[in-house]
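Each of the next two complexes has chain A plus one other chain: chain B in the first, chain C in the second.
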Partner chain A sequence: MSALQFIEGPLFYFAAAVFLLGAFWRVFGIIKIGRKKDISPPKGSAVGGFIKGNLRHFVPRGLFARRTWLHVLGGYSFHLGLFVLFFFGAFHIKFIDQYLGLSWQALPRWGFLIAAEIAFAGLIVLWVRRISDPVMRLITHKSDHIGTWLTFLVMLTGCFALQQSHDMLKLVHMLFVDIWLIYFPFGRLMHAFTFFLSRGNSGATYGRKGINL
Partner chain B sequence: MTEKADIAVAKFLEHTDAEAASFFDACVRCGECAEACHFFLSTKDPHFTPTYKLEPMRRAYARDKAPFSGLKKAIGLAPKPVTEEELVEWGPLVYDSCNMCGRCTLVCPMGIDIAGTIRKMREGYAAAGLAPEGLERSVEFVKKTSSPMGVTLKALEAQIKHQEKECGIPIEIDKQGADYMAIFSSMEIMGYPEVLGAYAKLFKKAGVSWTISSVAYEATNVGVQIGDGPLAKEIVKRVVDAAEALEVKHVISPECGHAYGAIRWAGPNMMGRQFKFEVVHIIELLDKLRREGKIPPGKKDGRKITLHDPCQIIRRGGLLKEPRSLLDDSCDNFVEMKYAGLTNFCCGGGGGVSANPRAKDLQTKAFSRKMGQLDAIKDLEAIVVPCGNCRTVFEDGLDEYESDYEVLGLSELVAQTLAE
Partner chain C sequence: MHDLTTKFRRTPAGLLRIVLFLVLGMVWMGVATQATYAQSSVRAPGNAVNLPDDQGSANTLGNVSDSEIWDAIRGGNPNAIEALTGPRPEGAVFNTTGQQWRMLREGVIRKYLGWFPLVVIGLLAVFYLLRGPMRITGGRSGKTIHRFTLNARVAHWFMAGVFIILGLTGLMILLGRPLIAPYLGLEANSILTSAAKEGHNLFGPLFIIALVWLFIKFVGSNFFHIRDLKWIFKFGGFFGGHVSSGRFNFGEKTWFWMVVLIGSVIAATGIVMLFPWLVEDVRWLQLSTILHAVGAVLLIGVLFGHIYVGTIGMEGSLDSMLKGEVDENWAKEHHDVWYEQMTGKSAKEDQS
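Right after this comes the complex of A and B.
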């Protein structure tokens, strides 16, 4: 078995299993802590609030966005760029098809490159802000840097592997993908799954009180 | 860890429910919450970043309760234990620079309720005896007299007598079977007693019966402010017992933010049951009576007036439209300030900050945001502040910044502009 076969084969299966089971365990672990049932007479719907809270926080409030525009711009650029890269990159679709038997229309190469540039720009803006802003420097944990750098390296090696000119480039990309997947459930990257609980919990509280956020 | 740190951490963990855990695990350390916090905005001190204020509790959770905490501890990757020195260092962040106003939740991309989590964190501080001295003094007063300012029944009766004379309407104490039982904040009873006369005038006009309990007239819940769950429950229980003994249909929460949240939303949860009466906020009640035509508006106040939104009544209480509707009926020239409504700035004194002498300078700095909002309104003459505590903070703040806007309570304004 070659190194690439190992990284794309057993190591990838292991990494994917850690990712799926770990992420599930972390979300389940939070939910199973439980919370006391709120018995105050409600004025509105907690379920409606849970959903609304999740949707409302996607859209920054105008008066705050004026103060936090750099973060909003960086955040949206990175996340949307990454979403497009991951789900509409031709090689990713081929990879998913290989394992799950599902495929869909890929972006043309120029579209992939634009999405990559937007994602890189967003990630770099977020990281530069993290190391330069006094507030960010104070509140940043190691996990924030590790998550950022791993994601950056996955994206960067992915771009190098784009040409498929050398197996080594693909190997390095897949190795970082495996590391990223294994790290994911244990660090800050988990916000991709925990955000709905956080937004939903606050939204439910507001919803019960009949507050129209 | 020392004994105090042990007690605090045990309470942090006890109060880290699935909601708080989701907040800790979702925070991406983006720092946007700082941009919503009046303490950060008025000082630019990064330590006042709201999510940073939660750090000891988050760390206790990450070390001892979070998923994978056991694994991380076993391989030496768990965070360090929280020490008493750190808790003492964080004290001013937990008590002096957070009004639990909840503005930060609105800007947070993860929707984290930092205010509610600070409330839980204070349980650890109070249990470990690490709460500020000023608030501890209020607790002593409450234990002796039921009031954080030491307002006795005798003092209340004197104020009632005076107001009866002023408005010519009797105010009955302990009236069995009344429709409404009113409770007040100490600040209202001693500082703004005209609110008693306003209630008398408004309820007489509306034709509803009301009373004040001789044993449960105090609404302020210092237990909620300091983070003492058992005390908070005792204060709520006193009101519940009195209201149920008098067999009233409703209890009126006064123009006081935390008092409303304590009895309306937290109260039944503290007591472990629903009440035999309904809790209604005075603003909610006056708006309802007005819509029913029972307290019709008369001659409007012609001054240029704006409205301050007390956080626990508006942003965290949901009574956004009611005060505006009442003001539209009562004023000719009502104008909104910038950020009005859900996103309005706190006065800087809520959540026990105004009862904490250690926080005085910080509170005055934070009030500069409010001054900015007021000064931006050309020719402003008066501000309606429907919260007794905010009202005192406004009066102090306006004095500090040498400003002479008049500060009014909403009930008094509605009573003053009532049709003859």
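Right after this comes the complex of A and C.
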């Protein structure tokens, strides 16, 4: 078994298992904690607040929009760019097809490159904002840095391997993918699965109190 | 990152060791490049012999040549400057600028250009040993003054991040063959160059975005002023003496315009290389590779000076780009005119 076969085979299965089980366990644990029983009479819908709280956070509030436009732009650029390049990159679709038997239309190469440019620009903006803003520095945990850099390295090694000229470059990319998957449940990358619970919790609390979000 | 400036202040000796280590390492790489070139000199094989004149024209040792035939094929003197700049000569079967380009790239750029950043680092190391860091006279006041907005800082670090990636990948593409291949092998160099090329091409467009962003955020304070002449005559105060300055001094303004102007050339030539069908004449591509490499290495060299002054070379400088705030005494000492504009107080009378 070659190193690439090992990294794409047993190590990938292990990493994917840690990712899925770990992420499920974290989300399950958060839901299991539940919420403290609120004995006050409800003035509005908690469920409505949960949904509204989630949707409302997708748009910056007018009061803060001028101050946060860069953060918002960086956030959307990175997440949308990453979504597109992961789910519509030809190599990724082929990879998913290999394991799950699912396939769909891939982006042309130029589209993939533009998505990658947007994702990289967004990620760099988010990280340099993190180190340039004193308030952000105070609320930043080392896990934020590790998660950001691991994601950056996965993307960077992926772009290094674009020419598909050497197995070694694919090996390095897949190795970082495996590391990223294993680290995911243990750090703040988990926000990908928990953000809706956090937003929803605040939304439900306010919704029950009848506060217009 | 929060304690970065403190660490810089507390461990200059440690940093000096790192700088010296880097300098020695890079000098070794430079010497290695020269040695590689020395080994790869082209010469006639040891068993080469001259044929008699009537037995063919390919005289190995060069007593007889077919220069007239080759001149005709090339359409004239290939070394004439018109060959590089003018239209292809009448009757020329092929142009020879490719060979000139290759000789320039192999014989000059790859051989000597990499020394420029090394020389800059060497000079900075010597300057640091002799002069040491420029401390804030009277120490820190504890009071700060706002210098850069968050967006300006993000624009700066965005450019820095993109430039570092492009610089590293670009140097690997340019110098991989003489520096990496002889030591790690052709296969390793091929892998690294393939990776560097893809990374360089992908991050290139981000450099253009960074350049436009940086220009918009900083151009307002970077126009030259008559007081900048004093900065030039006093060597920026690096060898002592006070130099009056506005928000940016002459050195900072020069660096800004270097980044903007040379960066624009790098961006334009990069676009030509990325989309070669934009130009019809191959000489534009040849010219682009030369200008791109020369401009980039020039910026990399001067960048070391910028990093030096922004970190270990001048106490308190890094705060401006990490926190957006600088100590008032730093502002009075290095940017007194700007300090007075910002606070309405005199920098001399209020010196604490």
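By definition in this document, the second predicted complex is superposed on the first by the 213 of 213 C-alpha atoms of A that agree within 3 Å, B and C clash if a C-alpha of one lies under 4 Å from a C-alpha of the other, contacts with A are read in each partner's own complex, and residues count from 1 in each chain.
Rule of thumb we're sticking to: a contact is a pair of C-beta atoms (placed from the backbone, for glycine too) under 8 Å apart; a residue touches a chain by one contact, two chains touch by 3 or more.
The model shown is predicted, which means the values in this text are computed figures rather than measured ones.
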item: Joint occupancy of chain A by chain B and chain C, clash or fit; value: fit
item: If touched residues of chain A are counted for chain B and for chain C, the larger one; value: B
item: Which superposed partner A:His191 touches (first chain B, second chain C, both, neither); value: first
item: Chain B versus chain C as contact partner of A:Asn212, first or second or both or neither; value: first
item: Touched partner set for A:Pro41, first chain B, second chain C, both or neither; value: first
item: Partner chain in contact with A:Ser202 - chain B first, chain C second, else both or neither; value: first
item: Chain B, chain C and vertex chain A (Cα centres) - angle in steps of 10°; value: 110
item: Touched partner set for A:Gly101, first chain B, second chain C, both or neither; value: neither
item: Which superposed partner A:Ile31 touches (first chain B, second chain C, both, neither); value: first
item: After superposition on chain A, the shortest CA separation from chain B to chain C (Å); value: 10
item: Chain A positions touched by chain B in one structure and by chain C in the second; value: 133-134, 137
item: Chain B to chain A touching residues, read off their complex; value: 16-19, 21-23, 25-32, 34-36, 40, 46-47, 49, 51-52, 65-68, 72, 105-113, 116, 264-269, 272-274, 278, 315-318, 320, 339, 342-343
item: Footprint of chain C on chain A - complex, ascending; value: 70, 113, 116-117, 120-121, 124-125, 127-129, 131-134, 137, 156, 159-163, 165-166, 168-169
item: List of chain A residues in touch with chain B within their complex; value: 22, 25-26, 28-36, 38-41, 43, 53-54, 56-57, 60-61, 63-64, 67-68, 71, 75, 130, 133-141, 144, 185-186, 188, 190-191, 194-195, 197-203, 205-206, 209-213
item: For the chain C and chain A complex, residues of the former touching the latter; value: 1-2, 150-151, 153-154, 157-158, 160-162, 190-191, 194-199, 202-203, 205-206, 209, 321-324
